[in-house]
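Read from first to last, the chains carry the letters A, B, C, D, E, F, G, H, I, J, K and L; within each, the first residue is number 1.
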Amino acid sequence: MEDHVYRIIEISGSSQTSIEDAIQSAVSRAGRTLRNLRWFEVLQTRGHLEDGKVQHYQVVLKIGFTIDDTNIGV
Amino acid sequence: MEDHVYRIIEISGSSQTSIEDAIQSAVSRAGRTLRNLRWFEVLQTRGHLEDGKVQHYQVVLKIGFTIDDTNIGV
Amino acid sequence: MEDHVYRIIEISGSSQTSIEDAIQSAVSRAGRTLRNLRWFEVLQTRGHLEDGKVQHYQVVLKIGFTIDDTNIGV
Amino acid sequence: MEDHVYRIIEISGSSQTSIEDAIQSAVSRAGRTLRNLRWFEVLQTRGHLEDGKVQHYQVVLKIGFTIDDTNIGV
Amino acid sequence: MEDHVYRIIEISGSSQTSIEDAIQSAVSRAGRTLRNLRWFEVLQTRGHLEDGKVQHYQVVLKIGFTIDDTNIGV
Amino acid sequence: MEDHVYRIIEISGSSQTSIEDAIQSAVSRAGRTLRNLRWFEVLQTRGHLEDGKVQHYQVVLKIGFTIDDTNIGV
Amino acid sequence: MEDHVYRIIEISGSSQTSIEDAIQSAVSRAGRTLRNLRWFEVLQTRGHLEDGKVQHYQVVLKIGFTIDDTNIGV
Amino acid sequence: MEDHVYRIIEISGSSQTSIEDAIQSAVSRAGRTLRNLRWFEVLQTRGHLEDGKVQHYQVVLKIGFTIDDTNIGV
Amino acid sequence: MEDHVYRIIEISGSSQTSIEDAIQSAVSRAGRTLRNLRWFEVLQTRGHLEDGKVQHYQVVLKIGFTIDDTNIGV
Amino acid sequence: MEDHVYRIIEISGSSQTSIEDAIQSAVSRAGRTLRNLRWFEVLQTRGHLEDGKVQHYQVVLKIGFTIDDTNIGV
Amino acid sequence: MEDHVYRIIEISGSSQTSIEDAIQSAVSRAGRTLRNLRWFEVLQTRGHLEDGKVQHYQVVLKIGFTIDDTNIGV
Amino acid sequence: MEDHVYRIIEISGSSQTSIEDAIQSAVSRAGRTLRNLRWFEVLQTRGHLEDGKVQHYQVVLKIGFTIDDTNIGV
């Protein structure tokens, strides 16, 4: 049942290209220091505007990862 | 006024490609057994992660469809 | 600190192509009559269906813009 | 305790006359194919406008009904 | 400024006729023991069904009233 | 697709008679200066009390209208 | 990816014993007519009182199940 | 229709044993001074921790009771 | 464990000076008739305007207090 | 009843000093172009940080104002 | 006042037995690497189903703990 | 675009003086171990009462900070 113990963190990411790319940028950043990322949920989709155009998309995610003693992530 | 009577169901879909594709996969699945699908609303955008990458996007939708006696869908 | 005074409006946009394109369509429309658009937030992602396919995506946005006396936008 | 097992569906109805009438129109539609409707809850009250007047009211309801094996309604 | 100190209670009322009548029934009941009722807000609109018809409407209200030492209402 | 670009405003209305009449009063007021009102959604139903009776009903609405360059309404 | 297409329904269950037992009663009822139930989420925990004691617990659940053509469950 | 007029109060209860027991403790306390308790709804489930263990569970409930002139409970 | 049984009421207060002062005004009013007030939570921060200035701040609070048989506060 | 017809807009303000001052800054800005401001409600309290200190507070407000034909504010 | 500075994390736990046991499993896991856990709040109660039965309960908790310089937990 | 990648944590702070001071106390505590704090958002404003007076204010904040490899803060 160990698989069902998640630690859940909140992180944002951004991209000039697409919402999907902003999601991946947040996931990649989290993955640099955390192992065993399992799922994400989008909490907010926002963005910045310049000269009447979307300059970049920004997403706020919850990311769940399973924890072991070398990866507490807390 | 008959057009304004909707039955509303909740369904999820997923895609390895994009959020739009995950939406279409849920709509297509609902369309196999229901007629007269009219609109959708995204309730949740989530996804699964593997090796620090988005493995697939998953959306939960409300879908509204108009009903007639051979298509009650309840 | 003047930069931190925003007026916030609600506007929707749509696109047959993608959610990002629907966002840009709402932003472009607002930009025809308002200056200094700064950020947006997606409140709702919806869409219309026809023949079991997504006919168009529709987003409802909050858009924040900074105001000056010739651009009150209220 | 059997009475306390409900299936809950979501349905909308509309009326040119009143909110109460829109509620009854949704209930009547559900009752054509489902037995044992017990309660409703109004989730949303909306409507369409034409020429600056309310053309019709539209309500979205949750409706609960008790189920037996010939009336699963799922 | 005394006018701006409210005590707020929650009460439900019902009517076979209309939502407005259900509101008034809750207000009347509260008024039997409390003075100085000032405002209400509808939290929920529900109802019971019988034989595919609305049997009665039920509303849950917040009611605000100003308080004095003989009318604490707490 | 032009039809799907809405500007959405928030306005309240009131009536001594009914909730429906309060909705119409808000819609009528908006219609004095804005064209192409298309839909409304009730955000809140409230009211004022006097002598233990409902003195008037008050609704807060979102109203959506389509915009053109002479009717930006922002 | 087929596993990630869920249909989601809402159902309530009750028990005189415990919240867990009320959950199982709702799940069992759904399982009489639907296959491939996968997960549940508790939306509400309520109950009825008699003589100052809990007479039974009642839960409202969302239940997700995977669908195939003989099990559309819509 | 008298049965459908409820006064609704908010009360918390706690227990070292279980969530069900915490619910019953809140109900028992309310029942010492109020008659005709009819239903409860769990608003929050919380608890205190000590030495890495749950010391007690705490629930916040809404409790509905029918009122008569000797039991206004307001 | 007696300490963990709270009755929770809703009350508003106002002040021309500050939000903190509006909180204290609501607490003071509740304290005139209730003992053992323990905590508050701000539900809403509002206010009235006159001549383009804040005339007073108004807060709506939940207040929790422990109860004994002479202080039921219901 | 004219008093009960409000237009409601959303605006933010900021201050280096206090939350109350941030509220007043938003109100003052709205008052430069709109008459008859009547009430506000705080939707969000945020702020920016620099060197581990609050650099300024930022509030997002709803502001309600009564409208006449020369002050539609839409 | 030091006691009132909490860091709040989000963690899930699961159990085949009961909701209370799932809560304790999340708390125990957090306690392996964090000291001074003080309270929890249940955000979500979910679970997995197999063969029409609850296979395990899963809860998502917020856990608050007091922090000192060797236990920042961030 | 690096600036737009935030890690977001939840922390509470308290003060006997004011809400602003409680915010600063939470920010200061976070700043002892984390760099590059950028913004906060108030999630909850609460407080403890003693002898009918506010003993201290307590706020729960989300704090966003930018991350680099020596400041992951997860």
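Just so it is clear, a contact is a pair of C-beta atoms (placed from the backbone, for glycine too) under 8 Å apart; a residue touches a chain by one contact, two chains touch by 3 or more.
Since the structure is predicted, the reported quantities are computational estimates derived from the model, not experimental observations.
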Where subunit D and subunit I overlap in contact partners, by chain label: E
Far-end chain from subunit B, centres as C-alpha averages: I
Most remote chain, CA-based centroid, reference being subunit J: G
Repeated interface matching G-H, over half of the contact pairs identical, chosen among K-L, H-K or H-I: H-K
Copy-to-copy rotation for subunit H and subunit K - C-alpha atoms, rounded to a multiple of 5°: 120
Centre distance in Å when subunit B and subunit L are each reduced to the mean of their C-alpha atoms: 39
Inter-centroid spacing, subunit H versus subunit E (mean Cα positions, whole Å): 21
Distance between chain centroids, defined by C-alpha means - subunit A, subunit B (Å): 24
Interface hub residues of subunit H, defined as touching at least two other chains: 9, 18-19, 30, 48
Full enumeration of touching chain pairs: A-B, A-C, A-K, A-L, B-C, B-D, B-G, C-F, C-J, D-E, D-F, D-G, E-F, E-H, E-I, F-J, G-H, G-K, H-I, H-K, I-J, I-L, J-L, K-L
Complex interface listing, subunit A residues touching subunit L: 9-16, 25-26, 29-30, 32-34, 48, 56, 58, 60, 73
Residues of subunit A defined as touching subunit K within the complex: 1, 4-9, 62, 64, 67, 69, 72, 74
Residues on subunit H engaged by subunit G in the complex (per definition of touch): 18-20, 23-24, 27-28, 30-31, 37-42, 63
Residues on subunit G engaged by subunit H in the complex (per definition of touch): 18-19, 44-49, 52-54, 57
